[in-house]
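Pasting the structures in now, so scroll down.
Shared between the two complexes below is subunit A, which pairs with subunit B and subunit C, respectively.
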Partner chain A sequence: MTNDNKTILLVDDDIDFITAQKLQLERAGFKVIMAESQKKAEETLMTMRPDLAIVDLMLEYKDSGFALCHHIKKKDPTIPVILVTGVTSDTGLEFDAATQEERSWVKANAMLIKPVRFEQLLWEIEQLLQ
Partner chain B sequence: MTTGLTTQQDRTRQNGQTPFGILAVAAHELKAPLSAVQVYLELMKTRAAGDDIAAYDHILGRSLIRLETMRQLILDIIELARIEAGRRPDFKRVDVAMLAAKVISDFGDIARADDIHIELKTSGHAYINASIPEIEIILNNLVSNAIKYNKSSGKVTVSVRTMNGSVIIEVTDTGIGIAAEDMDQIFTEFSRIKNDKTVAIEGTGLGLAIVRKITQVYNGSITVRSEPGNGSTFTVVLCC
Partner chain C sequence: MNLNIEVNGKTIQAKSGETVLTALRRAAIQVPTLCYMEDLLPTGACRMCVVEVEGQRNLIPSCAYPVADGMKIKTHSPRVIRARKTVVELLLANHPDDCLYCVRNRNCELQKLAESLGVRERRYTGEKSEHKIDSSSPSIVRDPAKCILCGRCVRVCEEVQGVSAIDFTKRGSKTVVGPAFNEGLNVSSCINCGQCVMVCPTGALREQSYLKEVINALKDPNKYVVVQHAPAVSVTLAEEFGLKPGTDVCGTMTAALRSLGFKRVFDTSFTADLTIMEEASELVHRIKNGGKLPMFTSCSPGWVKFVEEFYPDMLEHVSSCKSPQQMMGAIIKSYFAQKEGIEPGKIFSVSIMPCTAKKFECQRPEMLDNGIPDVDAVLTTRELARILRMRGIELGALAPEGADTPFGERSTAGKLFGATGGVMEAALRTAHFMITGQEMDSMKIQALRGLGGTKISHVKVGPLELGVAVVSGLLNARKLLDDIRAGRKDIHFIEVMTCPGGCIAGGGQPLGTNLDAVRSRMQALYKIDREEPVRTSHTNKWIERLYKEFLGEPLGHKSHELLHTHYAKREAVI
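So, the complex of A and B:
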């Protein structure tokens, strides 16, 4: 498939994570718009509609990612959202977006655990954009 | 939105720190910089930026910054473990005012890079029976934060004085300040304030926790006054 003209909103406060992902996504043919906070992402969403959003869980607050997922889905339920997090069972947090029930409250179509392999991210993106 | 999301950090705060808890959080804190460096090296290996030399320079620069964060994190964890284990270095008669002058001199280049002026105010010698490395850690961590969280062309004032047999260190900056709701968490291990003003500032989240633990060893205290946008003042009292 061609990724030309598909725009991805990439939201993460780890500037190295988004810099690296942006470089790789652009190489794969996507147009990438970066935001380093929930606030900046919501401002960006006022002026554009991404084809897909990749959202980190912990931004300004530890649940900013959840709030942003809700915001995106409320604005346009057809935008696929991938929630990315490094906060998992090793830090005492357990949740997933693997089942319909989990996705219904997480408001994300998929969830990936950091460190994210780019090949895995690309596969998820292409599945969700089909 | 409230999700009731709790992490190991919250639980260790509620239940008291456990060795497993701090190990798990430390491992988690190392994961992000390690992954960043790994991905950057992979990007370089595959020449992901084509012929864009500036992009590779940026990748190398950021990799070095993240490696330094990891190195500092490991040193901080070792220091924290030493204090928690009750291992105490030798005590000597230390002039805290003279040590403050040395620390300020050490930070000279870093401060000048951001056009930050550091001033030392003392009323003569300020002696205490203490471990030089521990007092240096207190001064280093407070001055380092005062520079990192300052504004460009800002000011840092380090004041050292004695009062009723105690030594009082005060570090004031003209930086971004701390919101009232964040005050509780700044001395907690691995806790960092996350907002658009701090997003690009590197840190281990252990510096102030270590300062607090050392002051407790000296039967002292650490307090902070701050106003968002107008800077902060950290006051350490060390009992002689």
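So, the complex of A and C:
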């Protein structure tokens, strides 16, 4: 699959994490736009439509990621969203995006538990962009 | 030298140099243990196996104490029982106490000890552990709050697998077992083999379950849900339902899988045959064309990750064949989908494996074809038993059924994949035919059978004498790899299975089983090989048909596209 011209919006307040992911995604052929907060991501979304979004759950607020996923899907339900979070182990709250029902309330197409390997991310991205 | 020791007033024989526990076990005297692991040096860490020895002021840990002539031992005196009970009570002091919700409920060593020692009240109340659950790995979930620090997982990872992905960190009451820097297993050097899960006495380590995904797919009318099952599963599943180890329930398991709602049930042994066709061809090609030798098998995903991490300079030696699971996945979503007129994206392909590393393998990006995974979800033998119980399906009440065509018939060579040495035996049968045009005089290669961790032999194949090695348990592989790096040249083909004994003792198999059960599973596979007529992959008519109708020829263009893969150096940061 060619990834040329596919744009990914990468949202996480962990600069180290998104910088590392950005480099690897670019090496895999994607164009990457980074945002460090829900607010910045929303501003970016006013000006462009990404082919896919990768969203951290806890940003400026603990549930910013949920709100952002909701806004992305409201803007365009066809944009695939991957929620990346460590919140289930941090808080003991169990939620997932494994079933259609879960995906519909989480507003994400897939969920990955931190720490994430890049190849894992790529596996999800390639399926969602298929 | 034989010694006499007195145990509970009776004289038993012991051997000079052995531990008290070994002598007691041989005499069938039950002493509970927690940290003890057969065949590994004792640590004496948990004190569960303490016994009273006349003349000794303190109780002694029987696992780490040598016998002496005339020793007088009490294994169940009131003092001993009290000490063991106190150990358990202290372990329970900070335990989460969520047994009813725990995956190990009714199969937990700590729970069993608490029950057998009559723990009925909380005498000690410790501060509850506040550890986070690590569910980042696609194969294994780690819940340090349930860990009792017995160290068995640490030892199996280091002393059996040679990986050392986890160890004790911090000190005193803050001690925890985990990967370095308190990182997730997902980014550690863990190879996902699940041997740590097999030895964990509690629910601190368990497989990452994909039952929810599978159940959800089964009720989705837009999904065409199919399943494959590995060679080792049918000779193991019976144990989960109280049947004798080594009972082959292939037919009833197929019926049970159909009852669950799977549209098609495929036998992975069929693509084990396909693996042999490709792998034997690759071996012959390497021999004839001066390719990299020795060639290593590639069907064990824990082993593949191990090479990528620790021996990347030897990746070219590893066969490029996908594992039978992935070959089956690829064939289902191409040949089968085409034949049945089903859109590959609508097929949800499930795999029942004795293995936790297979969960990782199916999520490798190389296993995607145009964004569609070869295999969507992997369940272990344990998870299959769980869903069958959940649905009230009794194996014994079902009439046996056959696997689905077009992948119906497997040879017994494919079935042998379940045991250490099986891939080698199957590959040699076919390589012999490919090189000489004749079948082997004897199909059975005794030197490659049995549970030995390293088996080396030289096999005559026409004009060639092939040096072959079979290793299981990655510490054994590590030793052999080091020999080869140091210049050993007499071995040409090496089968490596990550788990000691092969898939029959994989990390997804029933918990709490012993070596005798593993031996019975192995014998069941050998029996199938002995009694059925088609014993080589190249004489399997269905495999011939698959090449004729779809794949062309072994190592051909289509095979290369669907059945082969590549590996890359992997940075194991921690």
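To be clear about the criterion, the second predicted complex is superposed on the first by the 128 of 130 C-alpha atoms of A that agree within 3 Å, B and C clash if a C-alpha of one lies under 4 Å from a C-alpha of the other, contacts with A are read in each partner's own complex, and residues count from 1 in each chain.
The rule we apply is simple: a residue touches a chain if its C-beta (ideal position, glycine included) is under 8 Å from a C-beta of that chain, and two chains touch if they have at least 3 such contacts.
Quick caveat: nothing in here was measured; it's all calculated off a predicted structure.
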Regarding the shared-chain residue A:K39, is it in contact with subunit B (first), subunit C (second), both, or neither?
first
Which superposed partner A:D63 touches (first subunit B, second subunit C, both, neither)
first
Looking at the overlay, what does A:Q130 touch: subunit B (first), subunit C (second), both, or neither?
second
So, does A:Q24 touch the first partner subunit B, the second partner subunit C, both, or neither?
first
In the overlay, answer first, second, both or neither for which of subunit B and subunit C A:L122 touches.
second
Dominant contact partner of subunit A by residue count, subunit C or subunit B
B
Look at A:K114 in the shared chain and tell me whether it touches subunit B only, subunit C only, both, or neither; answer first, second, both or neither.
both
For A:P77, select first, second, both or neither according to whether it touches subunit B, subunit C, the two together, or no partner.
neither
Under the contact definition given at the top, report the residues of subunit A touching subunit B in one complex and subunit C in the other.
90, 92, 114-115
Subunit A residues touching subunit B - in the complex, by the definition given at the top:
13-17, 19-20, 23-24, 27, 36-37, 39-40, 58-63, 66-67, 70, 86-87, 90-93, 114-115, 118
So, in the complex, the side of subunit C touching subunit A is made of residues 132-136, 138, 183-184, 186-187, 212-213, 216, 220, 345, 363-365, 368, 370-373
Sites on subunit A touched by subunit C in the complex
1, 88-90, 92, 96, 98-100, 113-117, 119-120, 122-123, 126-130
Footprint of subunit A on subunit B - complex, ascending
1-3, 5-11, 24-25, 27-28, 31-36, 38-40, 43, 48-49, 55, 58-59, 62, 66, 194-196, 199-200
